[in-house]
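Structures follow.
Heads up, the next two complexes both have chain A, just with different partners, chain B and then chain C.
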Partner chain A sequence: MALQLNVIKGLLLSGVVALGFGMAGCSDGEPVAKGAPPTMRRLSNEQYRNVISDIFGPQITVAGQGDNLARADGMIAIGSRMARITPAGFEKFYNLARLISTQVVSPANRDSEFPCTPADPKVADDTCAKQFYAKVGRLLYRRPLTTAELDEAVKAANEGAKTKGSFYAGAAVGLVGMLTSPQFLFIVDETEPDPDHAGQQRLTAYAKAARLSFLLWNSTPTDDLLTAAEKGELHKDSGLEKQVDRMMASSRLDSGVRAFFEDFLRFEQFDTLEKDATIYPAFSLKVTEDAREQVLRTMIDHLITRDADYRELFTTRKTFVTGPLARIYRIPVTRPSGNAWQPYEFPEGDLHAGILTQIGFAAVASHPGRSSPTLRGRAMRESLLCQKVPDPPGDVDFSKFEDSDSPNRTARERLTAHRSMEACAGCHKITDPIGLGLENLDGAAQQRTTENGAVIDTSGDLDGIQFKDAVGLGKAFHDHPATANCVVDRLATYAFARVPRTEDKAYVTYLQKSFANDGYRFAPLLKRIALSDAFTAVAPAKTEQAQLETKP
Partner chain B sequence: MKHIAPKLLGCFLGLSLALGQSTAAFAAPPSKGTMGFVIRDWFTSVYNSKFNDECPDGLTPSYDEIWWRGISREERAKITQNGLNPPLNRLPYAMRRGPKGENVCLQPDVVKDPPMRVIEGKYSYGANIDGTTDGRATAKTCKHEKFTHPDGTPGIDNQMYRLVGCIYGWRKGGLPEANAHEGRGTSGLGMILVEITGVNDKDPRNSDNVTITFHRSIDQFALDGNGKPLPYSSYNIDTENGKNRYGDKLKGSIKNGVLTTDRGDVRVPYYGGYGFMHPAIKNMALHMEIAEDGATATGQVTGYYNADEFLYWVGGMVGHATTAADCPALHVAARQLADGYPDPKTGECTHLSTAIDIKAYSAFIIHPEQKSASR
Partner chain C sequence: MSILLPRKIPRRTALRGMLNGAAVTLGIPFLDCFLDNKGKALAATGQSLPVRFGTWYWGMGHTPGHAITEKAKSGVGIDFLKETASLKPFEKQINFFGNFGMPLDGRSNYTHFTGWVGSRTGSIPQRQGDIPATTIDLLIADEIGNDTRFKVIDASSTGLPRDNYSARSAESRAETEVSAIALYARLFGPDFVDPNSGNFKPDPNIMLEKSVLSGFSGVSKAYLAKLGASDRERMDEYFTSIRQLEIQMSKRLEKPEPNVACLKPQPPKEAQVDKIAAAREMPNVIETHKVMAKLLAMAVACDQTRVFNMSFTDANGNVRRPGESSTHHLLTHAELVDPALGYQPQTFWFNTQCSEGFATYLETLSSIKEGDGTLLDNCLIMATSETNYAKVHTIDGIPIYLAGKAGGRMKTGMHVVGSGDPLTRIGLTAMKIMGVQAQSWGTKSMQTSKPLSEIMV
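Presenting the complex of A and B:
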């Protein structure tokens, strides 16, 4: 354990140098950006599961997970860079590694997992162990193993085989070591001297492969990609573009896009989402699961399958539903039972249009027993417009808002009374006018026209863009320039695992303009980032210290 | 009235528009003016006074009691371990008390039991189905006694209540129907869908001319965490070779949210006591009050229930221990009390007037041939 943490420290201080948003601009006008500190990101739990499934097959169960990554500066991707593994956290990974290794070497799986058969399954077999670790180690570490790493794994396997009287049990010991090593648990940006720029560094081809793979597929590089890296193809524009095109044409792109939007939209909130069953009896755990999936399905269909304008996510009436969701939306479905997903298009005149009106947003940004214009407004500002809403003071007086004897029947009336308190007014003026636009959807996102017998007024304005209802609010988001700029900013942040700095402004602006020129289509934006010099370039080593000392 | 209309209207307008603009999965033509319900509760309507005044001699003796009285003290002790065996364990002996060990519920004519006690009270729920004030015989009915509704309305026909009202298992909350209710909830069998078309979109709680179609669902009830039905779920109708397996229709109207129908013969599915039936309720009418928000409705079905179908269901029922009926006496009484549809040859009536309490939940009814839905 201590050894592994030292390795992490060593990696940080030695072979890794700062990354930058670009050394030399692309031919289509990509500006030059200065470098940034090196990144060393811990695998997220989802990435961990994806990697294990990709390497060993879906039959291997990952029964558990490591510590959740913390959100930092608005993105979990940034939190992954700051993650450390505590002793308790390491124990979780160790237990997972044992469970996975046991399955990999089990009689049911060993034939497909091992590239060889030991001469005698009861004793150590150097040759077969070496073949096995060379195969899986390359995929786990996202590069070929060094001789020392390979020897260490074989040594552990031999000792295990001797102790347990089984080649396969010994092989599991070595595999546990790999699965708990920092080289596996952390995605490390390793560098090498840049032959085209004397005195400068560049990402190794394997590190580029890892960056690409986790951005586009949210998993480890495949054998194809590592082979391309091995041949040096990723250092050539044509070779890089060929691989990016191949990966973007794959159905596995969905996984990468989903991962970004789960981070962007703060989907960890679903993990703790609960509704009062007395007030919302139709809101079950299944609804929670399906609501999350609905948002992602809508996005994949809109952004990838139909390659449509990102801004239209806020106005589209096309979505997918299941029986449990249909009961909340009060719409018919042909397959009401089970997990059947069905395409559905809300009709003109219905208040459900765009992702803001989906359960995955409107119910998540609500209280367990009632809606919350404030929570919704804040979520819209922070998640979708990249605007910061200050936290409420610790001594907020909610008495006027929660007074059950109050004559104020609607949330608008209650919040108006609440805003009469000066300390509250500032933030509520930012959140409430847009949050109230969704008040025709209750805390479970069920449509309603009245609250406590009073007709609900959903009119408002978003930074000067007037709207009358939830549909109009979605249109306002469509038209707001910050909507498109925010997703560009967050995607760049996600890809580089750091917040763009002042010196990166030109690059982000370039991406935003390109996004607009491309019709606000998400896939071209993703490809542009994946192909950009900024995505893979590293800064001169001498700037490393300065970068480390510069706070984002 | 106007103050409650917008809620329902909003739902209806949303539905209508949804149907008109749906994607490929719902690519059917618009189905405006349609709403649907799934019936969850289906209980024989019984009027129980606090002190059983309607059964002045007490509840009718059960099959078990009849059998018990018919055997010697020594036999009782031997068969029942001195009376310690509960009725359920005595059931095989009590049922097979024919001269040759016949099951008297399946062959009720092999023994002659004392007449069962029937309702002698004045009051009953239900409706005046035969249109007479005195229960005299008509072309379609036999002479019978009328009840008065607890609200004072005279001329109520409910011979089914008269027949079963003094049987322990059919008293309010009795287990046979409670178990049947539970069985329908968990099996999805015997679920009745009520589809109302011709609803006035502008004021759906007041629609002069609507058509009510009865279907069977092939989907199970959507229930919440407490086992209560959830409104706004979708239910596919049962079909055979692409055609609706049920689908009988009645004409009706909605006034102030209350649906009433004309009378007609309607076949509906029924499941209970591990038995499935599809009885045709003759001269049936539906009276249903729709809640203001349109999510639920409560009401009553009235009409004539085929006595043979009823007796067949009771005879085959697994849980006789819960009904506490006596099949041979029940058969005799049912023939005597039947008040509808005389047999052309014998002149004896074959049906019992009845009333059934229902509770329904708003539902989308899916027609496979249309690939569309309505609520």
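Presenting the complex of A and C:
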């Protein structure tokens, strides 16, 4: 271990910047929360779909989406609090709202969506409209509507009914308004004076409910949770724990955990993943879809269903496959298989063990027609170990080492030539040794033993931990202290939607130590964050008024 | 701030003032009626033809020595070489800008990023992903794009939604349209009002929807007061976006003037485009680009927008040939220079395709007759890349073209030599031609207040 730590220290000095926090300064209890200014996060497209499905039912098709959120400081969650809605982006939300509203009020759905029946479906009905908007508005806005908001909705419905000659068509007009309103599209941390700490603010109970719900379920608070908020239960430790336990026990927890790992592992790369059909004929669009799902299924099964050690994700041979995936992995699938998912355990001797060897990692961090030890190495360092690999210099002549007609037949030989250039050596020493560990998996994650007729050498070391092949590389990740610390750091970042600050160091360290004490189990870590004061602590926003007041 | 603008009175305010505050709602058909007397008249209405601004993007620059012969000083005539030979027929409608610089002021050259950001914003990013200022197309759209159905339209033929070189910041960067079918639906779907249909009837539902939109977008002052300053800005941008959609709705309520240049196109055939599984294979990129070019051109001719951005290939060179393992980008670095040819043959092929793509684009704009000229004559198209020589990521001497006559406001057919001057001089010139009252553009060493008078009429 001492050797490993020395190597890591050396890496820090040589330019690899660790973003996580170390283990020093641990304490047994949660450190005092400092709080940060309230956030205003734009709904992600996944959250939008979840919310619509949860409120109106899965029969409502969300045929489209807004602009995808951009990644900021390594996480889309952080991008959500910076995202702006451009005119083109708003147009997408508007069109989406029209499509959804039309479905909600359609004859096929209106009976289940409306809590009432209008006296005459051809004309406006204040009472029924008010009941409808009060019901759905509370879920859409994540709090009860104000009187003004409810009146605005009813007014729109009445005008709509008059213009269109239909109560339901009118109701759709008001619903479009709600679905395009800032109260829906932005999750705003509303605050109130904290009665327990004079002069300080706290999140309102409804804002707490929203934070919990989007963290644990990646969706809007349910009626139960809002009711608990309304009763003030979320401001009490016992009431909060009761709700968190209930949410952790729900099948919806899968959505929340999936959302975190999609952000953590940069799953947006799947959206533009492309493999050459001539070079990898078995790699279809279906393989891309299934590869994404395979990683998530493996994680949910391992972390939630079996409540196992997070680090074992890098060594486990247990996974799930479909027919299209089986063709890439070249494994037999019991008939009838088709596209159905079935559990599968890679046998001893197979190089597929752990998520690094899955298509969802090894093929994504590759080029369309070949593997890339550098891309794989960088993804491992940055995504899984929370280390920053510097960008390449801007004036490198690559032809000396990349030419496929050169005597250097394997990637290792080509990259060794690459590292002979001083300007390149610093970063490639960081990425390539571990990336080469996966070279027995080609650009589609299919096993191979040779490249251009030469036997592939996959041996190497991860910060002093030696390995011989992809399986050993997974074990090295299991044993590397940054592996566990990184996921803790990123989960805290995801929950707070901000990079932990210097004053958060003690809190993150506390989480990392607790994670180890809990056997590196993910669910207890998630629960600890959800229950922590730090998760909901707020500091005053830097409003224009506050800025003016602080000026001399 | 990267652009200095004199304080202006909003045009509507000015018009209200002219009418002594009378409660009259004015239709404002074309901005150019008030700004410019060089435009030529539409045959049907006597209105000036508007001048439009477009950008065109291609990745990986060109091959120095094989694209355009360098010149010692500016002058008439562009010597198109083998790589750009397809542009030769447009020589009299193009200006080429060579040997302009992009001083970094000590900042890093983030490969495949700094170049496009610098050339489009006039500012150098501080880090990867940073877009420090508004891109030129949006600065111009703020001036000329407020009275059309769409302020700006973006499209890309590489299947990458983030492949948009138009933004106000990193956080305010709309995704571009990557589907030709979706682009058609947006431009010419049910919301399109055909100016030549002859049976215009304003839809009462639009007024209703517009009024509802306004009602729901309102939030209380108390609510806004609780937001942090940056969130307040984000909320303001949201309100601006709503206003833009309201303008779109208003346009559907106005009876458009007949427009002989406007012919509603047929929807693209699905089999021709949107092959997502192979989106970035060059044959598909070329086909998608052709379809998108026609749609954009007709949208401009139909005055649906006056600012339009087309991205042919992306700044990371993700395009490739079917069956080849290397992308355009990988080839620029990995491929050896053929000693007999003096260039990288496969890379050269891609670069040539980019030139042909630009020629296709210009041809498409030229094919639409407008007034006594063509649509291209009434456009200013700025074509940029992110690098000069991709093999070594150079950003000095990034090739830039300005094409079109800009309604007679720009001289063309010139090779303009920058002699190391910041390339912001080109953008500042484009802005001035388009009527933006900019005194200077760019930041730090990129800042300039010197337009290129030799191409301005």
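The rule is short, and it goes like this: the second predicted complex is superposed on the first by the 507 of 552 C-alpha atoms of A that agree within 3 Å, B and C clash if a C-alpha of one lies under 4 Å from a C-alpha of the other, contacts with A are read in each partner's own complex, and residues count from 1 in each chain.
The definition used in the following text is that a contact is a pair of C-beta atoms (placed from the backbone, for glycine too) under 8 Å apart; a residue touches a chain by one contact, two chains touch by 3 or more.
In this text the structure is predicted, and so the values were computed from the model without any measurement.
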item	value
When chain B and chain C are modelled together on chain A, clash or fit	fit
Contacts of A:332 with chain B and chain C, given as first, second, both or neither	first
Chain B versus chain C as contact partner of A:282, first or second or both or neither	first
Which partner, chain B or chain C, touches more chain A residues	C
Partner chain in contact with A:230 - chain B first, chain C second, else both or neither	neither
First, second, both or neither for A:312, with chain B first and chain C second	neither
Contacts of A:82 with chain B and chain C, given as first, second, both or neither	second
Touched partner set for A:346, first chain B, second chain C, both or neither	first
Chain B versus chain C as contact partner of A:457, first or second or both or neither	neither
First (chain B), second (chain C), both or neither touched by A:67	second
Per-pair minimum CA distance [chain C against chain B, superposed on A] in Å	10
On chain A, the residue positions that both chain B and chain C contact, one per complex	277, 284
Residue ranges of chain C touching chain A (in the complex, touch as defined)	108-111, 114, 128-129, 151-152, 154, 159-162, 168-175, 186, 204-205, 208-209, 211-213, 215-217, 219-220, 223, 225-232, 234-235, 237-238, 240-242, 244-245, 248, 276-280, 318, 320, 322-327, 330, 333-337, 391-395
Chain B-facing residues of chain A, complex	277, 281-282, 284, 317-318, 323, 326-327, 330-334, 336-337, 342-350, 447, 449-450
Complex interface listing, chain B residues touching chain A	6-7, 10-11, 13-15, 17-26, 219-220, 222, 224-226, 228, 230-236, 364, 366, 368, 371-375
Complex interface listing, chain A residues touching chain C	37-40, 67-68, 70-72, 79, 82-91, 94, 148, 152-153, 155-156, 159-160, 163-164, 173-174, 176-178, 180-183, 185-186, 188, 190-191, 271-272, 274, 276-279, 284-285, 367-370, 391-392, 394-399, 402-405, 443, 541-545, 547
